[in-house]
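Each in structure tokens, the structures are laid out below.
Both complexes shown next keep chain A, but they swap its partner, so chain B is in the first and chain C is in the second.
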Partner chain A sequence: MLKALFWIALAAALIALPHALSFSQQEILVFLTINVLLVASYRLLTLTGEWSLAHVVIMGVGAYASAFYTKEFGVFVPVSMLLGAVTAALVAMVLSYPLFRMKGFYFLIGSFAAGEIIRLLWKRFRDPFGGPKGLKGIEPMPDFSIGIYDFDFFEPVSYYYFAATVVAVCLWLMWRIERSPVGLTFHAVHWQDKLAQAAGVNVQAYRTLAFVIASGFAGLAGALMAHYIGTINPNSFDVEVMVFVLTWAIVGGTATFYGPILGCVVLTILNEIVLREMGFEQMRPLIYGAILILSILFLPNGLESLVERALKPFRRTPASGTPAGDAPPASPASDTP
Partner chain B sequence: MTDFLHVDGLTMRFGGLTAVDSLSFTVDHGAIHGLIGPNGAGKTTTFNAISGFYKPTAGKILLRGEEISGLKMHDVARRGVVRTFQHSTLFAELSVLENALVGTHMAFRPNIFAAIAGWDREDRHGARARAREALEFFGLDALMHERAGDLAHGHQRALGMAVAFAAHPDVILLDEPFTGMNPEETRAMMELMRKLRDSGVTILIVEHDMHAIMGLCDKITCMSFGKLLAEGGPEDIRNHPDVIEAYLGGARHVA
Partner chain C sequence: MIELLAQTGLNALYAASYISLVAVGLVLIFGVMGVINFAHGELFMVGAYTVVALYADLQMPFLVAITFGLIFVGLLGLVMERSMFRPLRDNPLGGLVASIGFLMILQALASIGFGVRMEHIPPVTQEVIVFSEKVRLPLPRLFVMVAAVVLLGALWYFLRRTRFGWALRASAQDPEAAALQGISINQTARIAMFIGAGLAGVAGALTAPLVSVNPHMGHSVIVTAFIVIIVGGVGSLEGAVLASVVYAFVHTVVTTFWDGVIADIVGLSLMLLVLIVKPTGLFGTAERA
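So, the complex of A and B:
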């Protein structure tokens, strides 16, 4: 009952939110929504214990692919977005063969190299990818109406509603995966891959599975972004963006499902609204870095640990479920606007 | 049934070092079989070769006449040979129940699409029931919701066996299960192993604790410097001159 009320209140707040914001803040809100999907999919990837530096490039694969399909073959935009996600997943699958011969730090470096290769291919080949200037004039999402609301995609508010719905569905899917036996196996692979193997788990297959699914969702995030801003170039997916994703995940904490999302939301608000208002234009990256260092020093378990501590008295069941707490309610009925 | 698990001419070489040298022995169905030997005799290497952790340099390992050597560890496990590890190798961050649930992976193979759609309800129930059963077997059901890393040492070792048991193994390979246990815990663990054998599981143990091995095993294989030294029942091994020499040093050294 309380849970249902919580989700209804959250949905109502998310629907009302853009109307309380300025135009530029509404645009930031759209990017924030897309970034929530990006960082949540990143957490899915880290469940098996491997941290990739190619995730943002994979997102770019989804963006490029979706833009390419609409441009070259005239594919209907929503379908093209899904195809972009599938393309990103397939690219991840191909990459997984060389990459999952490595573990830990080597995987990190290997994934960075793989990502840079893809990015340099975009820069080098002007024909399909547009070279360093990237793709321009990407077809926007066509307007449509669902009776009670007319989606006009020149308005960020409309795109926000659209993106938020897509992201909510994706988050629900990821949540289902994590709470399933598949998710448990991901955790098992993370904590003791040898023991998991002894229990008959094909560790390589599960690492690949997590990588491919996470990449699919990242690709969808990329496609959502490409059709919103209408232009993409190789530098929109460089390592700087990856550092932002890592910062969100680390500051938020990765032990719970909502941790990275919390990190993304809090840091974006801090960065785009608070610091901008206070006039720290040039110094924002510096402050961002300082926040990362401070949170590692003083909040090593991330923002989520604060929430967990605050919620502790209200928990009924003893610590069970996913490792390090099972924070969000068991049935996220609907958080779609 | 004889020739249940048969190690045939197993050789493991690491560079110039021959850790196991054409070792052959047979584990009978439904027996507790001990593998002993002084430090560096190659017991754990043999173990790792059987469980698929290493690929043998030469020789074969046969389960019911079917070759399992050279398979990957999870494939060996799927044939029914499940191992435990030295020390307390567990999913320390997961709960006791979740540890056992990972053990049920083979019987209830997770499917991602069924999991999203919610069609795997029966499988999840089945897996839970099996995990509970395994925990009850080892007397861990009261600790189900504890974090595995927080358990006492004896309970952690029992949980390691419960994870293996949940996988419905035909053969369990136990790697030094008595390490770091006090006599009380050792006795309880021996009791559990007899119970395990009586439930129809064949057990192969690598162990240093002579007292436990002698009291527990139906058959013992003794190795020294990678070679088979002696084989037989506990009494034969205890009085075997080669075994005594290998452990205590020969009379000629004493003089």
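So, the complex of A and C:
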């Protein structure tokens, strides 16, 4: 009952939110919504214990693919977005064969190399990727009406509602995946890979599965981004963006489902609303860097650890809300062997 | 054709010399502290900016600027060691993430202090050694090559022939056993960090008049250094030097006959191939536990 009330209140707040914001803040809200999907999918990837540096490029694969399908074959935009997600998942599957021969640090570097190769291919080949200038004039979402609300995609509010719905469905799917036997196996692969293997779990297959599913969601985030901005280029998906995703995940913490999302929301608000409005534009990377260092030094389990501590007295069973509750703290500390 | 090859070879040797300085520093830091320093490219960038500040702006002698670059960036390395890598010693990925944060800070400071546009640095000398009509070696490039040989030679001597170097290699092999023998882990970490960072700084300082200096120049440097240390075998100093030469030749040849982006793709593919086929690197020995 209390839970249902919480979700209804949250939904109402999210519906009302854009009307309290300025136009440029509404635009930021759209990006934030898409980034929530990106960072949540990144957490799904890290469930099996591997930290990829190719995730943003995979997101780009979804963006490029979806833009390409609408342009070349005239595919209906929402369908094209799904196809973009599928393409990203397929590319991830191909990449997983070489990448999952590595672990830990080697996987990190290998994924970085693989992502960078894809990005350089976009940069090098004008046809079909548009070279350094990328793709322009990407087909926008067609307007439609659902009776009570007219979606006019020139308005960021409309795109926000659309993206938020898609993201909410995706988050629910990821949540279900994590609570399913498959998701529990992901956790097992991370914390007890020798034991899982001994119990007959195909560790490699589960690592690949997590990577592919996460990449599919990342690709969808990319497609949502591409059809909103209308133009993408190789630099939209470079390692700097990856660093932001990493920062969100680490500042938020990755032991719980909401941790990375919390990190993304808090840092985006800090970044866009506070720093930009206060005119610290040039200082932004500096402050971001300092936050990253300070949080890894003094809050290694992320913002979520503060939330968990605050919620503890209200929980009847310890850590009932978190699937990883009984796992050791999932700071990146203990991740690399 | 012979002339083109000779010129390409010279270009490659020049590239190999500064790449190996950066890569050896990265390997040294990883070997002793087990941390991958993502900010290494930015240490190179800071080295280049010390030359901008001291040599181009304040018109000090080039040699003074380079020496200052080495010391200043080395000290920066000590700051990193004390503030980030030491508290995060048991957290290898944490050290890496912290170094990414440090990278962002250095980049931002460079943009704020010097602006984002390219810096112009007056050439140290215009002289060119002419072997033949098409084979030329500008003297500043020769400086870089000579400096690399001297510095790497000094490092080799330090590591193989002095007590400090011996302690450093011991704690790279087995930190615990080294500590039991009375070697101070903090001390060796400081030395490794000072030398590693200083080498990156001096490489940046040496090449500053020859490349475009801007706050984001570290990115391509760190990518190159990663390729080199993976191909050479993580933790192997000799491997890093050899791999620098191999990589520089491959990259220069591909750039000459095709273009730079293809050369980058080839370099990254080479690294991916080594990771898949022989993760210990072409010249590496056993994997570090």
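Keep in mind that, in the parts below, the second predicted complex is superposed on the first by the 318 of 337 C-alpha atoms of A that agree within 3 Å, B and C clash if a C-alpha of one lies under 4 Å from a C-alpha of the other, contacts with A are read in each partner's own complex, and residues count from 1 in each chain.
Here, contacts are C-beta pairs under 8 Å (C-beta built on N, C-alpha and C of every residue); 3 or more make two chains touch, one makes a residue touch a chain.
In this text the structure is predicted, and so the values were computed from the model without any measurement.
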Contacts of A:Leu37 with chain B and chain C, given as first, second, both or neither: neither
Touching partner for A:Pro285 - first (chain B), second (chain C), both, neither: second
Partner chain(s) touched by A:Trp191 [first = chain B, second = chain C, both, neither]: first
Which partner, chain B or chain C, touches more chain A residues: C
Partner chain in contact with A:Gly200 - chain B first, chain C second, else both or neither: first
Partner chain(s) touched by A:Ala88 [first = chain B, second = chain C, both, neither]: neither
Partner chain(s) touched by A:Ala114 [first = chain B, second = chain C, both, neither]: second
Residue ranges of chain A touching chain C (in the complex, touch as defined): 51, 98, 101-102, 105-106, 108-110, 112-114, 116-117, 120-121, 123-124, 239, 243, 246-247, 250, 282-286, 288-293, 296-297, 300, 331-333, 335-336
Chain A-touching residues of chain B, taken from the complex the two chains share: 51, 53, 72-74, 77-78, 82-85, 89-95, 97-98, 101-103, 105-106, 108, 110-112, 115-116, 118, 120, 123-124, 127, 145, 147, 163-164, 166-167
Contact footprint of chain B on chain A as seen in their complex: 173, 176-177, 180-185, 187-188, 191-192, 194-203, 209, 213, 318-321, 323-324
In the complex, chain C residues that touch chain A: 36, 83-84, 87-88, 90-94, 96-98, 100-105, 107-109, 111-112, 219, 223, 226-227, 230, 234, 259, 261-262, 264-265, 268-269, 271-272, 275-276, 279
